[in-house]
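Order as written gives the chain letters A, B and C; numbering starts at 1 within each chain.
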Amino acid sequence: MDAFLAQLWIARWPLFDGFLLTIGISVAAIVLGTLVGAVVGISLVFAPKLARLPFVVYVDVMRGTPVLVLILAAFYIPAVLGLSLSATQAGVLALALFAGAHIGELLRGALQAIPPGQAEAGRAIGLTFPQLLAHVLLPQAVRMALPPWINTGVELIKGSSLLSMIGVGELLLRTQEVIGRNFMTIQFYVFAGLAYLLVNVVLDTIGRTIERRLGTR
Amino acid sequence: MNYALHFGAVWASFDKLLSGLAIGLGLAVAAVAIGCLLGILSAFASVSKLRLLRMVSGFYVLIIRNTPLLVLVLLAYFALPSAGIRLDKYESFIASLALYSGAYLTEVFRAGLLSVPKGIVEAARAIGLTRLQTNLHVVAPVMLRNVLPSLGNTFIGMFKDSSIAAAIAIPELTFEARKINVDTFRVVETWTVASGLYIAACFTIAFLLRRLERRFPKF
Amino acid sequence: MSDAAARPLLEIRGLKKSFGDVEVLKGVDLAVRPSEVVTIIGSSGSGKTTLLRCVNLLEEFQGGAIVLDGETIGYGEAGGRRRRLRDAELSRQRAMTGMVFQSFNLFPHLSALGNVMLGLRKVRRMAKDEARTLAADWLNRVGLGNRLDNVPSQLSGGQQQRVAIARALAMNPKLVLLDEITSALDPELVQEVLSVIRRIAADGATLLIVTHEMRFAREVSDRIVFMEKGRIAEEGPPSEIFGAARSARLAEFLRNSGH
């Protein structure tokens, strides 16, 4: 144990940097993914049938493809198309596209779960479509979609560990580098696992608290 | 940006991709089969009267669901040998994915258990079935039918996660695709085909599952 | 009358049952002789369903005793303390009584035949062919001989309840408990179920019934028990209970139930 603590002390800054990068990547992905998801979700419900098609395809492709494949594709493809993305940027792009499809589906489900009477009542008092969306439908849908949205956050933090496979220096890659130096395999993998666990449990707890608050209001 | 598509190099290795797909499916089937066992036991524990069993099940789900699969896979493959447990890469990956899927399946089966009407359990007890007989002949079959759709979704999720086996050089679809990508540098074609294969497999599984669901009467 | 016939088949003595702080049975005494049909009436919350569920050991109870065919059921003594019996014992004792529920509670994954056969196979340990023959015979008797292979979702409420009756009776129970078996049925399906019960009663089965069908209760019962607030308030033959001589509370209950 002492030996482990000594090694941990030596490795504290790389691990901490990796941890921060993990958080940063996940936050960036959930922010971008939520923006994409909002457009996708609203379009899937309200766009004319033909205009919906590209969104349907997007969602199906993203949900049928493993995240790791998305990450590798985002890492290799832009370069040959003449775009230069760093590994981190490629990783964030892949996670955000993945999250966008999931959040879009969440929002679609939530919007469709709102009783049709709500929209009718909104129109009856003369609201325009954007007003209806902003003041009647989205507030209800967001409330319903919030708990699974937090869960998407957990999935993204877990998914960000896959970026170690394209050389992004997040927590897991930093951990592997540390292990490469001191060979304390079990100790440092468990340590990394606990770090992920901690963040996700905190996130999960926040999600549950919000859910309870919203539920009782 | 002048990239011309040439699928020839990818088609030349298409058999490798297909065998990779088969390996991925095999990994998922084996892992989910073991995961179902874990999940059913853990689900029964989660609704048990004994607090200790409920806690064990709760911790299992909490820990596994909040840990990245890749960490579990690396831990099982690289770290377990130093604890004296030696598994080959297939065994260690199946073990990791089984453990991982078991946590998700716990929640699937738990919801299934809670979906079994209390009345039919009482009816079974009333004709004199013991607790074990009731679980075996009444609760389990009703639960299994009720969980079939979410069981299918979990399987599809685990099949996609079998791509992570590439991290320990198991020659499944993602691993083969990456190899073709690096060898031929037909980047766009490789990943389009690989992704297409995954999507086709997922849709096929979903289609077969819906057929299966229809073969059993709904309750 | 022989001794065996004179001895009560079911004897409930001082039965007390609470849900938390709420005492729902406050010392109930009741005896049922073999082949007797006893109907319990009373307003909801009077404890009649709970009483039935105690007899079938679906509920635990805190005081008193239930003796079925000479055997004290549900509880035993261990080191001078009252102890709930082991699961296997409870199961064996439950199999001595049959119960039909308000909500049918058929096993949704099994056919009508399968529903009746399950107990015969697993509890009575009958061979498959024997169980099948007996189950088909009982389904015939309740008028469902042409519905053997239908699953519950393909049957009407009345048909489901008749399968449930066959399921209970095929086990050859000493005592049959019927818990508001027509309450969940559409009015036009009530009679097909009640006529099955009339036939069973005529065949000499011992029945303990909870029902809101006063006309049926009067016609089929040897004895009526009126429960109120966890106690038996009055009991007697139907002619007496439904006749002129009765307490004000019973009169009010009967008036409110449209008799």
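Note that in this section contacts are C-beta pairs under 8 Å (C-beta built on N, C-alpha and C of every residue); 3 or more make two chains touch, one makes a residue touch a chain.
No experiment lies behind these values; they were computed from the predicted model shown.
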Would you mind checking the shortest number of contact hops between chain A and chain C?
2
Looking at mean CA positions, which chain is nearest the middle of everything shown?
B
Pair of chains with maximal C-beta contact number
A-B
Per mean C-alpha coordinates, the chain lying farthest from chain B is C
For the pair chain A and chain C, the C-alpha centroid-to-centroid distance in angstrom is 57
What's the distance between the Cα centroids of chain A and chain B, rounded to whole Å?
21
On a C-alpha centroid basis, what's the spacing between chain B and chain C, in Å?
46
Among the residues of chain C, which are close enough to touch at least two other chains?
none
Residues of chain A that touch chain B when the two form their complex:
60-61, 63-70, 72-73, 76-77, 79-82, 154, 157-159, 161-162, 164-165, 172, 176, 179, 185-186, 189-190, 192-193, 196-197, 200-201, 204
Spell out the residues on chain B that touch chain A in their complex, using ranges where they run on.
1, 3, 62-63, 65-72, 74-75, 78-80, 82-83, 160-164, 166-167, 174, 177-178, 181, 185, 187-188, 191, 194-195, 198-199, 202-203
Touching chain B in the complex: which residues of chain C?
56, 58, 87-88, 91-92, 94-95, 97-99, 101, 103-109, 118-119, 122-123, 151, 153, 164, 167-168, 171
Going by the contact rule at the top, pick out the chain B residues touching chain C in the complex.
117, 119-120, 122-131, 133, 137-138, 141-142, 145, 217-219
